Amino acid sequence: MVRKSLRHRLHVQLEPAAWGYGLSPVNWVLCILILLSFIGAILETEPSISDGQEQLIRVLEVAFSSVFMLEYLLRVWVCVEDGRYRHPLAGRLRYLVTPAALIDLVAVLPLLVGVVGTESLMLRFVRLLRIARLAQFGKLSRSVHYLLAAIVSRRYELSISVVVAAMMIVLASIMLYWVEKDVQPEAFGSIPRAMWWAIITFTTVGYGDVYPVTQLGRLFAALSALASVAMVAMPTGIMAAAFSDAMQRGRHELDDPVKLPGSYLDKNSQKQRSRR
Amino acid sequence: MVRKSLRHRLHVQLEPAAWGYGLSPVNWVLCILILLSFIGAILETEPSISDGQEQLIRVLEVAFSSVFMLEYLLRVWVCVEDGRYRHPLAGRLRYLVTPAALIDLVAVLPLLVGVVGTESLMLRFVRLLRIARLAQFGKLSRSVHYLLAAIVSRRYELSISVVVAAMMIVLASIMLYWVEKDVQPEAFGSIPRAMWWAIITFTTVGYGDVYPVTQLGRLFAALSALASVAMVAMPTGIMAAAFSDAMQRGRHELDDPVKLPGSYLDKNSQKQRSRR
Amino acid sequence: MVRKSLRHRLHVQLEPAAWGYGLSPVNWVLCILILLSFIGAILETEPSISDGQEQLIRVLEVAFSSVFMLEYLLRVWVCVEDGRYRHPLAGRLRYLVTPAALIDLVAVLPLLVGVVGTESLMLRFVRLLRIARLAQFGKLSRSVHYLLAAIVSRRYELSISVVVAAMMIVLASIMLYWVEKDVQPEAFGSIPRAMWWAIITFTTVGYGDVYPVTQLGRLFAALSALASVAMVAMPTGIMAAAFSDAMQRGRHELDDPVKLPGSYLDKNSQKQRSRR
Amino acid sequence: MVRKSLRHRLHVQLEPAAWGYGLSPVNWVLCILILLSFIGAILETEPSISDGQEQLIRVLEVAFSSVFMLEYLLRVWVCVEDGRYRHPLAGRLRYLVTPAALIDLVAVLPLLVGVVGTESLMLRFVRLLRIARLAQFGKLSRSVHYLLAAIVSRRYELSISVVVAAMMIVLASIMLYWVEKDVQPEAFGSIPRAMWWAIITFTTVGYGDVYPVTQLGRLFAALSALASVAMVAMPTGIMAAAFSDAMQRGRHELDDPVKLPGSYLDKNSQKQRSRR
């Protein structure tokens, strides 16, 4: 009885859907550990930080991985609390091949296969995905949904501005290739090379590593720079209009059923609880 | 009878208006071939890619051109299926001088006149226009129309922001010319030269190949840089407002006749089919 | 009688208010001449264009100035057609001190005082103002009014974003001054020097002539660069909202009296004509 | 009696809440002095301005500090006019520990502790806060409130665009670190180093001090530059929509009680006056 209660309480702590709205304390700690492990992996690449600290880094990495390994094993243990994986063996096996469990597995691979080093950086990047998996409820998720819906609703307009931008970049590259290829063969000797200049100019980054030096080249570059204002203004304007539209629509729709998301979550967690 | 049926089926495949909504399989393939031919023409200019591959490039180009030539001849053959060019000779001649057929002709010129090389790059760029001609129906076209209408409806406001930007650029050029012409005659020795700096600054590209070095020059340049925020913000704001306005108007108009574009296309293709 | 008719017809041609809507043919020509004279003045500063052409430049400048002088004298002659300056002497004297007539006078000064050269560039810039004076009617003027009204209605919000930007620039300058003054005394040796860097960074121009090299300096610079996104997004967002607001208001107001501007101009020109 | 009247009049001049709407003449002078003192502190750091002027600078700083010290003492003297600090001793002591009085005290510290020099720059920066304290009423405050409310209402959407931007920056840093670390160890030898490049690129500042030189590095950098357009467009669009939304809501709410802020302030100042 005690054991069942412990497993149940762990399940509520570990499974976002079982906890309901927001993050459980255990998942809060796990999210912070994931972030710390990721920041550690980034800082570790800087020699002025990591030199002479190889021992500490290895210890920390093993510690992080052990916690995630423990978490993984605990999740496999408690998953039978969920109505979908009730059978001790068949249920657990089905749980092991869910995308969430596979991501959790990838995150502990560095420990399992003993590859602690630069090669495991990508694996540690995968760990960040687990934050998205743990924090999938609440207002942030609704805002993500709202932003995505606004962008998707204007996908055709945004595609067109992408196509127009691509054509302007290609056209500018061809112009500069024709005008500057003899003067600066290194920078403008081919259209792909000129496209590096064109993209850096149209996005207004402007490193200054390559730029035209002939009269005609400067004329085309100046026209490209002026066109870049339109290239930035167009998607910005489309997005602003889409967000404004979605906001007004959302306000009208949410006037009555204000408690909609809360009630949905309550129902969801009630279902979870009633399954026990 | 078999031949007529083949010609008719080819016409439906080749002619976007006869196919109706979306792209026919044959036109899908042609669009992809046009894109591949264009990407090939771009990559070909890069010596590190094309060196030693001259044979392959020539074969590919001849292959692409042959496909487009075949397509051109087939279009001339099947055009009599269209009610407007029904006469075998007079109809075909009238078809040959339509803008669409002329663009198709330009696209196969490189093969006809044997100029396969850098000089034919522009001709191959023309081929891209044929994608626009083939993919002229569907939601993308409606979005193009919608974006253009929004921009056109605000043409006076956009013109004013262009005029204001032009005056700021000219004014900044004159200022920097006066202040820096003696110190940096190469970069600021004349107003046209200073305009290169002004445009690269106002569009916030900022290559860094030329910049003021005197106290007063830096003061004017700093003011210009600050003014550039307004120069970018103004057209962006106008476009955002125009798109937002067009979106709201469009929503009201489309509330009732939601099936308008579909029904229009259905009628159109019905007309095509009833002509046979 | 003939002479009176000629003077009257000239007055209608020269005076925008007497012509009514749009530009009269004579004023069209004058606007083009003003633009040409201005473009000439700009190109003249470029040695590779003007060298050896001194004779031609002087002839052109005298020609332009003579046309504007003739125009000025004609305006003084015909101004008595206007009800406000009816008296041949007192009326003309009053006309001569109107701002419009003074601007016209400044535009012909280069000829009067014989200063044809670089020094007269500013005087020739003044000529551009005369285009604004000649082309003051029509839809462009209404759009200028509409844009200005939208900006003025949000002057407090825009002021705040200017103040916030100024404080961010000053704060970043102080930070970089503290961090980098010893390493790069030339670029960050004082706060005014650091402000050059800060303005070029916050406006995202980024010449790259000065940039931090220390760890801490790069951290502050990175934060400044990230803050620059907000600095650009804020005025853009305010302007977009203001234009959107003005557009919606304008649509409601203009639903009924669509012919308002036309009728106003008709009345205005009728008044002018009835005065004769 | 005369003394009480003087103290009362001083209190009305010094205390923004007692004056009511706008700035009193004395506070106007103080605001200008604060600004001058701050600009002086900035210019003083520039050797080409301050060299040989040490005497003048010290005199000016002592003068400014003395004025602020006098103001501080006067504020302590007149604070008993306020109903909250009526007791000559206990009331004054309570006034001395209010945040406003503590900020005033920090602003005169440079004089008290005799640290007149670069070290006191931060203290003089604190003085700027006093302008915010003095000018807290009027339309500007309402616009600040309105802007903040609009930003806060969209905090989730803005957070998401910050998170997306952060992930794009981290991802681009990792890519460039992998691709360029061997070719340019100084610039891309670790992920934190590559992040300097990534932030300067994504914010479109583009100094040009570091940029990729390999084929693959340029490809990733070009993709990053293109993604930067979305990174700038997204918060701008969200802010534009938020301001537009707040504007429309505000217009509806303010249709009736237009005199709200004025009446509020009148009541406030009446309360102040009735306390005497």
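Letters A, B, C and D mark the chains as written, and numbering starts fresh at 1 in each.
FYI, a residue touches a chain if its C-beta (ideal position, glycine included) is under 8 Å from a C-beta of that chain, and two chains touch if they have at least 3 such contacts.
All values derive from a computational prediction rather than experimental measurement.
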Taking each chain's centre as the mean of its CA atoms, the one lying farthest from the centre of subunit C is chain A
Could you put a whole-Å number on the gap between the CA centroids of subunit C and subunit D?
33
Inter-chain centre distance, subunit B versus subunit D - centres from mean C-alpha coordinates, in Å:
47
Among the residues of subunit A, which are close enough to touch at least two other chains?
195, 204-208, 232, 236-238, 240-242, 244
Work through the pairs of chains, note which ones touch, and then classify the graph as line, ring, star, complete or other.
complete
Sites on subunit A touched by subunit C in the complex
204-208, 236-237, 240, 244
Okay, in this complex, where on subunit D does subunit A touch?
156-157, 159-161, 167, 170-171, 173-174, 177, 189-193, 201, 204-208, 211, 218, 221-222, 225-226, 228-230, 232-234, 236-238, 240-242, 244-245
Flag every residue of subunit D that touches subunit C in the complex, lowest number first.
42-43, 45-47, 49, 121, 125, 128, 139-140, 142-144, 146-147, 195-196, 199-200, 203-209, 231-232, 235-236, 238-244, 246-248, 251
